[in-house]
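Dropping the structures in below, format is structure tokens.
You will see chain A twice below: alongside chain B first, and alongside chain C after that.
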Partner chain A sequence: MRRLSVVGAMLLSAAAQAELQALDDQELSAVQGAGFGFVLDGILMDASGAVITINDINNASGQNVPIAVKEFYLGATGSNKGANLNPVNIGRLDHPFEITLAKGESLRTLRDDGQWVQTTPSNISVLEFKFPERLTGAGGQACISGYAAAGSNCSSRASERVDLGIRFDFQVAAGRTDIINLDFSELVMDGSYLRLWGDDPRGQLVGEARVNIFAKSLQLMSCAAGTANCTTAQEQTARTLTLSNAYANISLGYGKSQPLLFDVSSNGQFVLELPNPVTRAANGSARPLAERNAIASDFYANAPRTNIVIDNLKAGTGSFSTGGYNFGYNSIQGLSINYLKVTSRDL
Partner chain B sequence: MRPTLGFANTALALICAGLISATAQAKMVELADNELSEVTGQAFINLTTDSNAGIDFTRINFGMNVETQLNMKKLQLGQYNDAVTRPGEVAGSSDLLINNFALGTVNADDSITPFKIANPYLELAYSGNKVVGVRIGFGEAKGILSGDIQSLTGNIPIKIQGSAAPIFDQASGWERFLLGIAGVTRSTRLQADATLVNAGGAADPVRAIMAGMTNGQTLGCVSGCNLGGLSDALLSLFASNGCQVLSLATCFPLSNFQSLPVGNMAINDSAATAAIEGAAKGFFISMQTQDVAWRDTDNAALINTLKGAFMNLPKYRDANGNMVAPINIDFDQAFNGIPRQDTCLGTATAGC
Partner chain C sequence: MISKTWLALGALFALPAYAELQALDDDTLSGMNGQGGVYLSGEFSINKDGGVLWSKPASNNPSTWTATQRSCANAGASTPENCGMRVAIRSEAEGGWYVLDNLKGVFSFEGLTLRTRTINSGFGGDGAAFNQDVLEFGLPNEVKFKDGSFAFGVANQGGWQNKSLSVANGGNPSYQQTNIFSAKIDGTIRMQGNVLVFPQN
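The block that comes next holds the complex of A and B.
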């Protein structure tokens, strides 16, 4: 069964009762901020009967390793790993998903310390897709219930978060299939965004992105329920890695001085780059020391950072004496990238 | 209908403006037939499998070359207290804890000397249908790794080699006399292997806070020993015990070593090859629920890792094919530590 309904709400409707008039060039040039918001109302996705097979990822001998993607679901929290699916509303009209075309100076980004700052350059038009926002002060609810260490609150309420699951079967060798079964509980991605704009000096598409993932728990089970050694609750628990109170803030790019650059080389390989923000201007000219110091100071103060935190990671029961393991608290905090260039190549 | 058309024109103008600005000046150029015929599916991911001692391994390999310079406030893995798996460790300590971690360095003019990585991978270890380990590794890695190392679990071979002058500077008059009898002068080149130890000089790969010579280990002569082989024999009388040779300290806090070379920095990397010349092969960080032997990506040997979080920095091959410890320091650096290199743009040098 699959039910999906999407309700779009035009934010431009604020001007609904005004008679429509043509804008002349001067008026048009003053337009900034135009877009629409939408919420996902009563959404439930249950693809338990569907299988998608990904081919042409090979092994070292060049043989195909089929990857079967199955048992996908998305629904309201409390689904018991998809066994009890109910529709969920994601976002609401005062905190919707948004697709916006806006001036760079009108966009704001939330720093880890709860301050809103501008990260995109001024006087450019930015195409932004963003999730419901995070909130500062007393508004909203903790992004992970009962775990304030995840930082500023999310606008999505507890009832507007989702359970999500998916299973991958890797047929890695004859008679051997590796299973990865993922189940997110109370997943929310508030504060995530993708911003794109054209960079004239560089002559290319650039952007900045932030992917926030908050989950009360993420479970990775390495067997297919109902198969050998994977039938009882104890057997399934023993084959499950559990991440509790886990979140990731993945930040790529700081539009003011270090936009994220995408490119594809002439031989078809992708290139992803975060350039050094200080040494040279986008047109290639060198910068004096004082200017470099000022840019670096702004970069470290305001560029969003990447954090990955797992409050508790355990295998099985978490008790070593019963075959499990407790890896405890694990984190990468305050990651700032001064320079990154990733180039793919054939294996 | 003019108002309606006006609105449509406005919306269309806005959409076009957005699309034009978003696509910038990228210019499409058609491919000739012979160029198009050479285009094949790009395969920058593959999967490989392995087995050993009842453990099955699946590795996802990424065909990538990565250059980076980054800083993080804290890298922390495996903070837990468990008297069964971690007996005798300090409460609240971590398997791996490095503050102000950085890869690559920043030069005086704010240009960057990147840390280079080739062929990163993600590997899972299965016992039957149960995941017992996961590791993230680099097929090749070369550059400067910096950080304030608070505790480390793993395998980090360290070669101390250099002039004996710093040893003479630390030694008492009597000890200088003994070294003289062994044929060692200030210009003699000595060497010692060091690894993770506790304050008593016993090997301690779990949550270690020191590196140095293990108990019973001796200094070796590389060159300039006036008595030849006899010097080695005499030096062997002075085995390290309790982190001392005579009264010379032979163990040092890991936090003293703030910037460590990974790979052979003396060998220049060639831009013409995908490989990183002089790279250390087989750097990885793993987490396992039991002791697991992971495959060394350089020589296919097995590397035993301990349960919990584990960092492996293996030896690499030099230009002559000899296995070399990834961390090479002289005696002066061993005694005084290795100062932190600049890893931050602007006025800061660390902690940015």
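The block that comes next holds the complex of A and C.
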């Protein structure tokens, strides 16, 4: 009997060994940060059948100026400003949207020169929401098709770009409505992220954000299609500002020395702040010169910059003969914000 | 003798049991997939008739409300409105609060699905290399909103207080809330497609 039970135990343990396999050190070290990815499969959104109104934005005399949101759509490229909507996949299975909780030292940010650098402080837990990653080297896709200057480090392919549109009707006064109609075509936002963590000396939530927007074209029209003087293609063009091959990399915050502070003051006002990276330590104490220099060198070398580039900006037809104008190439590049503080005030 | 009999009986019982249940080897087990899913249709409303914290006052003027009354109509509106749900989050130890206020309305949808799906093909060639199960949230084709609303703002206290009333009357003149914007939604929004969720290292 005893022999039998020993054999039984051996059989059981053999089975257990077959199912569970030990991880070696290399495999173990590759496991880090729990998170999940998601992709949007066959997505289409159309809010043209809904009435959406934004309130609580007041004019000088304290009256509400309602903003009606109309013609909101999101679909595959080639939608002809939302007229022909088709579903689109956004994000790839191997480069999805991600929500992760990771250590600061394991996150990387793509610098403009193509190097991946650490921008978040070490030994903190960072909650990160990120768009599909950007790729350096093989596999990268042109971020704007046919416009090499925007780079070829997007992971989303041409078929994974979207057309997005929205129209805002500002009911400024009785009988007067001002309109902004936005239509993006071939929009992609690869490499955008929002990272949040708690800052101990400041006792508050801080973070860093990157918003990348690449669009083949963005049209801003100042009238509602189909209304008076806004019906024919010619009339609509005359009231449109067209940005072609436009992209923006907006960088807010550099976690190591200039985190973005999300703050509400104790008297109930909204404060958005990018502190000066060198003058004071987070606890308010002054820093010695050598330390200030080291922080400044690191900040100027590694802090992500803001770029806004419009390959062609055109008002109306872009031709003098019809009252339009072609502003050509416009750009702001390599902008670094040394200090920023935005506060709301009650009017 | 007795123990031999018991052994024989034991062997008899044990044999049929082996015949009915067959162990699955690892290969077969790993080939098994959960099937089925959930299909949801429904309607839910949040604070459509006001919440438990405040009742609707007779007028939209805060100075006329009692300690348990609050209207969430826009400033200057002639008629009062019920208030929706309020969520406040503090982002700084000694700071103020971010507020999602007046969240209310009726939302209805048909065909929100939840299931698992194995992806091993498609997706422009990415599917074959991916080859794993995902959680699929199928969006309903249409979502209907009726009097849906919310406001986003900042405040110096988590809980709402009436700044037009004195402390003795249940208010707090030092309370400050600034609504950055608020939105109202009515009608149908078309949302189609799936959200595929999977673990990621």
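Here is the rule we go by: the second predicted complex is superposed on the first by the 313 of 347 C-alpha atoms of A that agree within 3 Å, B and C clash if a C-alpha of one lies under 4 Å from a C-alpha of the other, contacts with A are read in each partner's own complex, and residues count from 1 in each chain.
The rule we apply is simple: a residue touches a chain if its C-beta (ideal position, glycine included) is under 8 Å from a C-beta of that chain, and two chains touch if they have at least 3 such contacts.
Since the model is a prediction, treat every value here as computed from it, not as a measurement.
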Figure out whether A:262 sits in contact with chain B (first) or chain C (second), or with both, or with neither.
-> second
Considering only the touch criterion stated at the top, classify A:106 as touching first (chain B), second (chain C), both, or neither.
-> neither
Which partner does A:331 reach: the first (chain B), the second (chain C), both, or neither?
-> first
Who contacts more of chain A, chain B or chain C?
-> B
Is A:340 contacted by the first partner chain B, the second partner chain C, both or neither?
-> first
Report for A:51: first if it touches chain B alone, second if chain C alone, otherwise both or neither.
-> second
Which holds for A:41: it touches chain B only (first), chain C only (second), both, or neither?
-> second
Looking at the overlay, what does A:203 touch: chain B (first), chain C (second), both, or neither?
-> both
Considering only the touch criterion stated at the top, classify A:87 as touching first (chain B), second (chain C), both, or neither.
-> second
Both chain B and chain C touch chain A; at which residues?
-> 19, 31, 34, 56-58, 202-205, 268-269, 344, 346
Write out the stretch or stretches of chain B touching chain A in their complex.
-> 2-7, 9-10, 13-14, 17-18, 20-26, 39, 41-49, 56, 58, 61-82, 84-85, 94, 104, 106, 109-112, 114, 119, 124, 126, 128-132, 274, 287, 289-290, 307-309, 344-348, 352
Name, in rising order, each residue of chain C that touches chain A in their complex.
-> 26, 74-76, 90-98, 119, 123-124, 126-127, 129-130, 136, 139, 145, 151, 153-157, 175-201
Mind pulling up the chain A residues that touch chain C in the complex?
-> 18-19, 30-47, 49-58, 62-64, 69, 87, 89, 92-94, 96, 98, 100, 157, 159-160, 202-205, 262-270, 344, 346
Note which residues of chain A are touching chain B in the complex, please.
-> 19-23, 28, 31, 34, 56-60, 65, 101, 124-125, 127, 170, 172-173, 176, 178-179, 196-200, 202-205, 220, 222-223, 227-230, 238-239, 241, 268-269, 276-279, 292-293, 295-297, 299-300, 313, 315-316, 320-321, 324-347
